[in-house]
Amino acid sequence: MVAIREHPRLELNIIATASSILDRYGNVADLIEKDGFSINDRTYTLVEGETPITMAKSTGLGLIELASSFARIEPDLVFTVGDRFETMATTLAAAYMNIPIAHTMGGEVSGTIDESIRHAVTKFAHIHFPASEDAARRIIRLGEDERNVHRVGCPRIDLVRNILVGQKIRDSFVEMNEEGVGSNLRLDKPFIVLSQHPVTTEYGKGEEQILNSLNAIKRTGIQCVVLWPNSDAGSEDISRGIRKFREMNVSAPFRYYKNLTIEKYVRIMDNAACLVGNSSSGIREGAFIGTPVVNIGSRQDSRERGENVIDSIYDTDSIYNSIVKQFNHGKYATNSIYGDGYAGERIANIVSQYGTIDVQKTICY
Amino acid sequence: MVAIREHPRLELNIIATASSILDRYGNVADLIEKDGFSINDRTYTLVEGETPITMAKSTGLGLIELASSFARIEPDLVFTVGDRFETMATTLAAAYMNIPIAHTMGGEVSGTIDESIRHAVTKFAHIHFPASEDAARRIIRLGEDERNVHRVGCPRIDLVRNILVGQKIRDSFVEMNEEGVGSNLRLDKPFIVLSQHPVTTEYGKGEEQILNSLNAIKRTGIQCVVLWPNSDAGSEDISRGIRKFREMNVSAPFRYYKNLTIEKYVRIMDNAACLVGNSSSGIREGAFIGTPVVNIGSRQDSRERGENVIDSIYDTDSIYNSIVKQFNHGKYATNSIYGDGYAGERIANIVSQYGTIDVQKTICY
Amino acid sequence: MVAIREHPRLELNIIATASSILDRYGNVADLIEKDGFSINDRTYTLVEGETPITMAKSTGLGLIELASSFARIEPDLVFTVGDRFETMATTLAAAYMNIPIAHTMGGEVSGTIDESIRHAVTKFAHIHFPASEDAARRIIRLGEDERNVHRVGCPRIDLVRNILVGQKIRDSFVEMNEEGVGSNLRLDKPFIVLSQHPVTTEYGKGEEQILNSLNAIKRTGIQCVVLWPNSDAGSEDISRGIRKFREMNVSAPFRYYKNLTIEKYVRIMDNAACLVGNSSSGIREGAFIGTPVVNIGSRQDSRERGENVIDSIYDTDSIYNSIVKQFNHGKYATNSIYGDGYAGERIANIVSQYGTIDVQKTICY
Amino acid sequence: MVAIREHPRLELNIIATASSILDRYGNVADLIEKDGFSINDRTYTLVEGETPITMAKSTGLGLIELASSFARIEPDLVFTVGDRFETMATTLAAAYMNIPIAHTMGGEVSGTIDESIRHAVTKFAHIHFPASEDAARRIIRLGEDERNVHRVGCPRIDLVRNILVGQKIRDSFVEMNEEGVGSNLRLDKPFIVLSQHPVTTEYGKGEEQILNSLNAIKRTGIQCVVLWPNSDAGSEDISRGIRKFREMNVSAPFRYYKNLTIEKYVRIMDNAACLVGNSSSGIREGAFIGTPVVNIGSRQDSRERGENVIDSIYDTDSIYNSIVKQFNHGKYATNSIYGDGYAGERIANIVSQYGTIDVQKTICY
């Protein structure tokens, strides 16, 4: 967004929707405005329930709302990111309305419903900005015109790089105990980060899954930063597990956060003894930062990964042993498979040089 | 539907939605009930307007409604057909709700937004029933597991075959003048059929497009059966063109139909001197029947076709000349590229033999 | 709208929705723009079907969309008119969002679901602008604070007055044969106007109801201007009746219009031998113009009326006899029960002088 | 519901919607099923955000969903309760679909948007079951036919009576420390109950409002049962206030509950030294039980009340002083203004004796 805003031939419009405007999920839209962006539209699209059925309904409501937003803003190009259900709504609204679509983070492989959404979005998108070489090859194999596939790296790595080189630091690291709830952290001692989201295709198993992880970490005796899950179907199961664990372990050295700024999150990844869970950030940003990661379960299945990741099944012993291994190894060297930190500028330049985009797509075989 | 209903190990449920329950579009749901099926749910999902924006909103409303229907019916497998916007809503609702999806008519190539929808649906579907060999190959190239790709032919060809061999005839051909409006037809004389739908990616040009076709047919002096368009964005443009033509040409030997039963439509295709327009039926069913077809514009671009099709641009002269060519050629031999008339039985048998279907998909490369 | 736009202390915003933006219903929004207004938002809210169930769904979709529009426009006061289902959606969206509501045409009595909607809207509205003294009294009896009840007359009478005194004539009366379909009219000869809408609480009986009226008029042998119905539940029944009548009576001296400009409609009411049907315009505008009216059925039950109205049941003989009576009587003297033609200015002045409006309402007993 | 289910001439159908099916609000639907009822439909209708705009959208989504449910169930009569936003959605869906409506708890006066919703619902309802004499008179003054106004008492008082006489006790009172979070309660010592909901027409002030109450209670040094707020707009403000207070007062003798069963809630009201907040239960059920109540702010303005209620403004001192007064007074004698505990049987009997209900309403003046 920074690169687009600062490009002389581009104009940035922002629509904030789904969990990005809700306090329960950290209200990312407010953070965006604090960074000096203005938001054109805020639309409430989440149907409460965090079940498979509300995930479908939220996508439907998103489609209805985004169609109105697009009709008002009349964008020349709609950017959408990754593989979430709001990505699907964004993509469909733009596609039906004959607005060209640019897609970042396409072509990757993972578990959960995201796997299908990601490739379906590729079949609607007109310009592709994959993060890795592997993803770029896959997009072309999906029948996309290679002239529209531009491997630029993941824009999130740009953020990570900026934060690590000390620019754009909004939050001081020491304030970690002013947010969240639970025990106070000592950041001069080793700590673990837990970030585990629901697996939509394993709906109903989240409570057990998160309790395995929490108990494994508790057994290490190391401090832990626990993050609440995203709003996918099954979120409430994970949350319930965390709440139960917390009530039964009030004196454990665990601190719980609804949402961290990206600055804080990156600094924490940079200093953590180990990141545990199934967040894609461990694999993607973790590769660049060198964070030791214990990746649990199927959510990141088949996602290309660096040497910083050890996989574990949903089992307390297995998770515990993997954490110990990572703890003994320590930090890894940086790896650019998901980008080198300059994706934004590349994207803005490429987009600015496109001529008229033919909205009619045709598969290349 | 007949094959599934009659299979001892399968149970059929039907949800009627979008244009299928509206009088304006011929109320197909009522016809289905007349054929002895019972409909489990009727849900109104079309947002009126027939514009790109209402197409998006209708898909959104469809998602909201279908999620409720699926929650109630709890299907083991959801069947969806082809590439319409209700297909996308059906697919997404099932996918989010972890219900396996079977898809017929995937893997083909065409113009309009259908092209993107069709391939996106493939990326969500668990079992594929393409109509042609070419389509089957394309689905596999899209990264689907070939064990789940079953080339069975198009189920619509089954219907065509049944009608042509004289079974299941509900309507007599001679009743054509009891329906529709306009001049009376003489079915013992040559006649043309016009079936032309909006091209969503050329939104706003429909009135001119249909007037070219109507004027070309008028110039031939041959009688014409004119069908109203489907409910895609741009439908109102086509309809306005037809209304204007009709008011200015009240004595032309043209008769206008909102909807024909499939039986009547097939008999008309079987007897027509030529089918004009951009309906996929000319290319698909037309290949099997041997109907001479003049296919206009981009809507069927790249769709595999038999020798019965002559393509024309949106131009009165070009359309006129192509009609004359087809008129001189006469009927073509039957061609099975889109099926031999036994798809339904194959589908029912294959589905009945599937074990548990893993809802988690993974791309095969 | 003219009076508000021209008032120095007021700023006008317009949201066009429901049937006002659809070609099928005459696209009133386009006419509004031709009159020099700019429209802030166009939102598609009609779920196709024209059944009781789609009426509920359209109100629901309207609520969803209007809430977004209000959030963007942030009006100080929302104006809503009368008793249609979009009126209910407008009212609820504003009420939940703590935006004060002004309501015109409240306090009247009629049949159909409009009767309940109208009084319910009164219970949400903060400022009331009833058309008649009778309506004003009724609003106060409903527990509203009489300081907020301002009898100003019906704003539609302003339009009527302007047209009749020759100002703001956009359309010439002689162009009637350039629009619509059917037989040509001779406007120097007597003619009848038929305007009959569905009665939502008698859903399913519309086709028979309209055929009674059409046949009664046909029997008189007088020419007829037939108007298509509004989009309430049951609209398709009325339309089907009209289509059937037309196909069977192609040579009858009837001409059919989807929508007439208000200018044409007023001139036609001013010159008609008789207005037949159940439109409120016969009773309201008809009182001011002096048009002889035959009002059919329950739709206007209990609505206050002048001497220009004869009531009839749904019966061909009864309707025929009433038309003959009105034909023999001829035009009536003007009557101001629904206004004297200066409502707009009064409304703009009153609104401009309101201080802060307390959104919290309390019933006055 | 018990009385309807057990009546030989009536059949009960239940649709669970809005917060009743969400864990966050205690999942009342699950409790209903535990009581032996079966639920016909569960529909997710809450759009997340708890803002004025999402309240409007949730009503819209509710209308869309309930219309489908009613189409499927085809009820002869729809029961709706009170004045919540789901009440409005229920009422409109039934009214548009020509289904007669019975309404309990109409005719009362209060603050917040509930005041308008309640009276608007009265204008749609066909049969009225007010709780108090005062409310019955008000419904008749609103123009309803007195033959359809039946003062039966509030059905919630039936539940209260049953619980107090010892029937239908599902939960033991002693289990209070097995639920909720916070300090353990000693139920043999005096305790206060706090139940305070957002005031939609004072949106944005909830955090300050609840903190006044919490601090006043803290000052008394008495134990407190704190209940989370309902899902009206502003709910998140109240919740945030509670969370902040809790984090800063971990050792205070306060225990926090997301939802209590009605049995527990009634027992707590029966034993509480004082109920503080703005819940209607203090005024309604409290009158029957004799609970001392401190009612804060405008939410219950003008609601008829017994001698058990002392009103307070939003001010820590004022609330504190009122609590002390109530603490010194102790329990009050029972009062039947809101019912004597036999409303259910009366309602079932009256409804079972109704003949055909004319869906067309007309105001009685």
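Labels for the chains are A, B, C and D, by order of writing; each one numbers its residues from 1.
Note that a residue touches a chain if its C-beta (ideal position, glycine included) is under 8 Å from a C-beta of that chain, and two chains touch if they have at least 3 such contacts.
Predicted model only: the values in this text are computed from it and were never measured.
S.K.: As a test of understanding: of all chains, whose mean C-alpha position lies farthest from that of subunit A?
M.R.: With centres defined by C-alpha atoms, farthest from subunit A sits C.
S.K.: Among A-D, B-D or A-C, whose interface repeats B-C's (more than half the contact pairs identical)?
M.R.: That would be A-D, since it shares over half of the contact pairs of B-C.
S.K.: When the C-alpha atoms of subunit B and subunit D are each averaged to a single point, how far apart are the two points in Å?
M.R.: The separation of the two C-alpha centroids amounts to 52 Å.
S.K.: From the mean C-alpha coordinate of subunit A to that of subunit B, what's the distance rounded to whole Å?
M.R.: For subunit A versus subunit B, the centre distance works out to 39 Å.
S.K.: Where does subunit B touch two or more other chains at once, residue-wise?
M.R.: 53, 57, 61, 64, 68, 71
S.K.: Hey, which residues of subunit A end up touching subunit D in the complex?
M.R.: Interface residues on the subunit A side: 21-24, 44-49, 51, 53-54, 57, 61, 181, 236, 240, 247.
S.K.: Once bound in the complex, which stretches of subunit D touch subunit B?
M.R.: So the residues of subunit D in touch with subunit B come to 41-43, 61, 64-65, 68, 71-72.
S.K.: Mind listing the subunit A positions that touch subunit B in their complex?
M.R.: So the residues of subunit A touching subunit B come out as 52-53, 55-57, 59-64, 66-68, 70-71, 85, 88-89, 92-93, 95-98, 109, 111-113, 115-116, 119-124, 138, 141-143, 200-201, 203, 233, 298, 301-302, 359-363, 365.
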